[in-house]
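Just so it is clear, A, B, C and D label the chains in written order, and each chain counts residues from 1 on its own.
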Amino acid sequence: MGRYIIKRLLWMIPIALGVAILVFTLMTFTPGDPAQTLLGATATEEDLNAKREELGLNDPYFVRLFDYLGDVFIRFDLGNSWITSVSIIDTIKIRMPRTVILTVVTLIIAFGLGIPLGVLAATHQNKWQDSVSMVLAMIGVAIPNFWLALLLVVAFSVKLRWLPAMGIEMGLISYILPALSNCTGALANCARQTRSSMLDVIRADYITTARSKGVPERSVIYKHALKNALIPIITAAGTAFGRLLGGAMIIETIFDIPGMGTYIIGSLNNRDYPVVQGGTIFLAIVFSILMLLVDLLYAAVDPRIKAQYASSKKRKKVKANA
Amino acid sequence: MAEKNPNTDRPFLDIKDLVVEYVSDGETVHAVNGVSLHLERGKTLGLVGETGAGKTTIAKSILRILPDVGAKICGGEVHLDGENLLELPEVEMRKIRGNKISMIFQDPMTALNPVQTVGDQIAEVVRLHLEHGDRTDPVERAKEMLEIVGIPAERFSEYPHQFSGGMKQRVVIAIALACNPDLLLADEPTTALDVTIQAQVLDLIADLRNKYNTAMLLITHDMGVVAQVCDDVAVIYAGNIVEYGTKRQVFKHPTHPYTIGLFGAIPDMNEDEEWLHPIDGLPPDPTNLPQGCAFSPRCPYATDECRKEAIKVYRTADGHDCRCCRIEAIAKKEG
Amino acid sequence: MPETKTAPAPQQHKAKKKSEFMRVMRQLSKNKLAMIGIAVLIIEILLAALAPWIAPYEYDKMDIPNAFATPSAEHLFGTDDMGRDIFSRVLYGGRYSISTGILAVLISTVLGICVGSVAGYFGGQVDNIIMRLLDIIQAIPGMLLMIVIASVLGPGFINTVIALSVGSIPASARMLRAQMLKERENEYIEASQSINCSKFRIIFSHLLPNCMSPMIVSSTMGVAQTITTAAGLSFIGLGVQPPTPEWGAMLSAARQFMRQAPHLIIFPGLAIALTVLVLNFVGDGLRDALDPKLKN
Amino acid sequence: MKLRKALSIVLAVLMLVSVLAACGGEKTPNTPDTPNTPSTPDGGNGGGGAEKTGDGVLTVGYATVIDSMTPFRSNTGQDAPYMTLLFESLAVLNDQSEYVKWAAKDYTTSDGGFTYDVEIYDNITDSAGNHITADDIVWFLEETIKAALKPDFSKIESVTKTGDYTFQVKLSSNMVGLFDSLMKHTFVISKAAYEASKDGFATECVTTSAYKVTGFEASSYITFEKRDDYWQDESLVPECVAAKTPKITFRFITEASQMGTALETGTVDMVIDMPSATAVQYLDNSAYSSWESPNMQGWTLFFSGADSRPVANDVKLRQAICTAIDPQGLITAIASGHGSPMYDVCPPTAIGYNPKWDSEDYYNYDEDAAKALLAESDYAGQELEILCGSSNQRMAEVIQGYLGAIGINVKLNALDMAQLTAIRLDGTKYDMFINTIGATTLANHWSIRYDPNAYATGDGTSRHDYTLGEMLYKTWTVDGYTEENIDEVHYYIKDNAIAYGLFNPQRFTIWRSDLGIENTVYDYAGWPSVAATTFTNA
């Protein structure tokens, strides 16, 4: 297991390197001259050239690429923003926690509601509770979250005045509306996954065994069945966490949350390439670590998988699942 | 079919006219169609029949653990120790499950919760049925049970996937017997096991039953197992008991054509036969049972009378019951 | 000799395929939601395709004095901030939104199939290299990747389609590969190999057809997902250009009026939600029909 | 069992912690996560009115975002109301469009407007206690010239220190208003403080104004608190930059509907420069008060001067386009009816604007006339391209509609700021370009847009019209800035349809009526000066 973790961690290096090269290359081909953006339309050609020289934009692509990779992977420095000359790492330190909070609140809502909804549907299979839950889930997937965000703002901020519509000044309360509008997809997926996973489990012989032992129905569902059904759900949660972390960008824009999303989108508009590159590399690394943790969590919950990790021969199969 | 005898006390387990149906995709499956059985303490009744004949359903009906979706007990009574289990509230029923009645399942590979240690699974049933004031330590009891079924107590905190099939079945048995049940429902306890393991497990079950004077309903399709363990035999076909008597009666004088067919399908070590004689045809579609005798389409002796209406139970010459209107004709022919 | 031996295999295959197809259709026709989904989807596509003939107004016909009209018989969904008929715009918008979704998924599925089947069939180093490259793409959160690509390419219909499809190639490639690996174990592949079938023949006539069912399901769901994502991109100004009435772009433009004229955001949003909903119905139905084991 | 349970919990927690740890946790040295919680949305009684916040902090919503507090800035955002709260400048423009000395104690000019001698106050200190001398100002001017972010500064030939608190500036041009504008944009900051800052004042800033910055988050908010140790005698401070309000927060809100939401939910007390479509909702609501600013910024349609573009040399086509556009329609659609038509390419607030122009015809909207003009032109159905910023897409759409009505085929090209900046001066990239125009003097505006020698490619649209150029140069000197010469340029641009003034949108400031405003003071841009105004119930 230890070797497995080390191997996965080592794999992250080439992946991060690949991400860096990919984003750097994409940025190189983005239309718009950063020097011009920085200096404004009225800058003279000499000024622009001087600025380009300063930013290293006049060097050949490979020189700049290797310089950049050297900065990031040898000196561990993501550089400074071109626009504000503030250290990118420092800004990420301030902004990332907000995105994480938003994601965590989103996940809590999504799984806090999704799991009971899925269990309800599974335990009342083919009854009205099932249909209602599943149609709700379908609708949840179908509603674009930025649209829902607009509607929620009108309802809860403008009309009812219950929740703030922007910013993070109110602490956790500020994250409720963004999280609510961001959670529908994850909630629906969670509910559906819980349902099908529960249905598989409920039919399993060991559930009959549990019943035959005189275990109360509630315990049968929540202790015996859910615990088994949770295994795929936990993977789903991990994956959802990763996806939400990167997918909250539009929601951050709508709710004016100064997190990673608004940081990267804003920098993209300003052609602040180092920020886009640094932000993306950072998110990619976080995402990879998360995926590793999901796999480990998976092993921790299911003793069978752990046994597989232990016997290294079967590692391949696990990887395919991941 | 035991004759109703109001003068004697009720047997320990007494099932009367049990009817169970499933609804699936809008079709009704007639799984059990009026089964009556009885069993005394310390005795073993073998329930024999093909796959899908309704044996497992009967066992699950006794425990009332039929799947929620679609399964329904439509009629009948199940008396245990004088109590009608079908009328008990769920709370009372829960006290009986695993305690007074427990069940051993067919497939040990899937019958254990994969994310719970085996010890926990045994201890759980003990804990659930602790009487008020009972100071038994569930964990100790679980360890004791492991030893009883021949597993070292040190393996208490291992997970099912660390055990072999036979060992798992021992764990299942340990769970079933942990509370000294009065009635043990063993649903093909050896089918999924290797032949050598089968014998060990059967011996174990038989030993424990004798030790605790437990009544046992043994469900199987294996006549050999019946011969080894049972006192009485009920042969079931398409949700109906077609022949019912002591082991001796049924084995010596099988009367119902289906039973005869079953014996014909067992290789006899003493005779040098070239072919086994499987029963022609397939079991009927339980959603669409034939009119009259359910076995009539496969029965070499069937007449028009068989296909007309439900068949009554007849008592045979040596005193066991048979649901066939042609027993005399058959007896003659079989000689 | 080999020819005579191979002949029966594909034929059997086909026979199996055909009855399989019939079975799937039969299963599907039993699923009420899926049938509703298909019906609504067909109506939507027809409406979008025939928009120039059906729409009561031109989508870019302005009528400034009549801006913000609420829904009425004259303007079914009302008019927007420039007095344009929202109903007509939603109809026309369907052309862009639905075709963005379908095109992007088509491209990513085809590329995903190529990449995935090469990786899945050849295995070993080829597989390893391809998978690591996909790892790189997948390490970047999908939405971020699409936003970056969209801004590199600039706005526009084709560019949006490309941005959307690039991001979803890894997922479909992975899925196909996993399916391939499973399928490759089967004996008939070994049989084909033993009689010297070319690798391409094995991939295309044996392996791929048997890997298609999960791909079909995921593509259907993918179209739904992509329509939402495309709308999201338009919403932050990276999608198609106005006055093209793409649904997401309509929402984005209407946002500043949402408090005084909510119908401006309600109808395009409903159009997206409805389309995605019915696509999911169809996807679910297909999955149940294609893989009865999954049906609960 | 226990162990595994614990392990799984630990892993789950680890998942969270690692993410948080990876980015160093939440604490940051100087930027608090939550600023001083401006207000609390009131629960329940959504009666349509605003609620008192009464927290002593005036929270103002404003659309122009700043990412950094650096004093070296381009023209973007230069008029934002918080700029004067950050750095004191040598002079300030008041609401009467007069330059008033601020940090400069006095100045004299010689040499026909080419040389200036400036004296600053000798007691200037910044919020970190640094004493400011002429060295600091000279350093700032030199750095600004080097940074080349503001075109005006390129016209400085030399800066020399002449005493502890005096210095001399020599200019290469004596254009009207140039020196005043330089004074306004010369910030008084301490070189030592700037060099001590780790990121050039980007996130932490030492101010010289009467305020200090207590919180800043790029693109999100900036908070100010009045300094106790302000150096200047309050009676000597120009009224428009007086410091009355003790605490002010500017909340950057870029999106129109969010501004409304923020105002209604009490997130902000006041919104400056609210787009008209949102602002009109508050005009009839007694819970809110409004102020309509004079039209400082107008929208102008520039025609490409690049020969490759059909409009460049086709006067009739340009005139047809001007005639086809209905300014009233634009005002209705874009400004919700709150705006006025333009009669020049500059708004009437520019110094030198002649009010008589307002009564003259200026391409009155006439679809038939436009069609006739179009018929006379060489237009042959080509696709003309309108370039605009992505935030002005709607205006371009409306114009597209008008041009479509007379049979001109138009394609939109709405770009984000970065891309727009890169190509807006390149006339080969568009036929028409929609841009907002604000200018202190006509001469200043003309020099940026119509001087054929201004850029390598010609004027602001790649045009090389030297006739116009000569006319412009005449107006640049102090003696030549006459009504006659100005008229000449005005009519030349108008008759040849070199560019077309579309309309002046009304700009709104909306605030809670119960803010308790006494004696509103306005800045030169026409916005209420939030620092100088007294609010009794902020």
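Keep this in mind: a contact is a pair of C-beta atoms (placed from the backbone, for glycine too) under 8 Å apart; a residue touches a chain by one contact, two chains touch by 3 or more.
Predicted, not measured: the structure shown is a model, and the values here were computed from it.
Engineer: Just tell me the minimum hop count from chain B to chain C, counting one hop per pair of touching chains.
Structural biologist: 2
Engineer: Would you identify the chain whose C-alpha centroid lies closest to the centroid of all protein C-alpha atoms displayed?
Structural biologist: Closest to the centre of all protein C-alpha atoms: chain A.
Engineer: Just grab the chain with the largest centre-to-centre distance to chain C, centres being mean Cα coordinates.
Structural biologist: B
Engineer: Could you put a whole-Å number on the gap between the CA centroids of chain B and chain D?
Structural biologist: 88
Engineer: On a C-alpha centroid basis, what's the spacing between chain A and chain C, in Å?
Structural biologist: Computed from C-alpha means, the inter-chain centre distance equals 22 Å.
Engineer: Need the CA-centroid distance for the pair chain A / chain B, whole Å please.
Structural biologist: Here chain A and chain B have centroids separated by 53 Å.
Engineer: Report the inter-chain centroid distance for chain C and chain D in whole angstrom, where each centroid is the mean of the CA atoms.
Structural biologist: 44
Engineer: Among the residues of chain C, pick out those that touch two or more other chains and give their numbers.
Structural biologist: Answer for chain C, listing residues that touch two or more other chains: 151, 154, 255, 258-259.
Engineer: For chain D, jot down the residues that touch at least 2 other chains.
Structural biologist: Residues 260-261, 416, 419 of chain D each touch two or more of the other chains.
Engineer: Show the residues in chain A shared as contacts by 2 or more other chains, in ascending order.
Structural biologist: 31, 125, 158, 245, 269, 285, 301, 303 - these are the residues of chain A that touch more than one other chain.
Engineer: In their shared complex, at which residues does chain C touch chain A?
Structural biologist: Within the complex, chain C contacts chain A at residues 132-133, 135-137, 139-144, 147-149, 151-152, 154, 178, 181, 224, 228, 231-232, 235-236, 248, 251, 255, 258-259, 262, 265, 269, 272-274, 276-277, 280-281, 284, 294, 296.
Engineer: Along chain A, where are the residues that touch chain D in the complex?
Structural biologist: Spelled out, the residues of chain A in touch with chain D are 31-34, 36-37, 39-45, 47, 50, 80-81, 83-87, 90-94, 96-98, 100, 104, 153, 157-171, 238, 241, 245, 256, 258, 262, 266, 269-271, 282, 285-286, 289-290, 293-294, 296-297, 300-301, 303.
Engineer: Taking the touch rule as given, give the residues of chain C at its contact with chain D in the complex, in rising order.
Structural biologist: Against chain D, the touching part of chain C is residues 60-62, 64-65, 67, 81-83, 151, 154-155, 237, 241-243, 253, 255-260.
Engineer: Within the complex, which stretch of chain A touches chain C?
Structural biologist: 11, 14-16, 18-19, 22-23, 26-27, 29-31, 125, 138-139, 141-144, 146-147, 150-151, 154, 158, 195-196, 199-200, 242-243, 245-247, 249-250, 253, 264-265, 268-269, 276, 280, 283-285, 287-288, 320
Engineer: Over in the complex, which chain A residues touch chain B? Could you list them?
Structural biologist: 123, 125-126, 203-206, 208-217, 224, 227-228, 231, 301-304, 307
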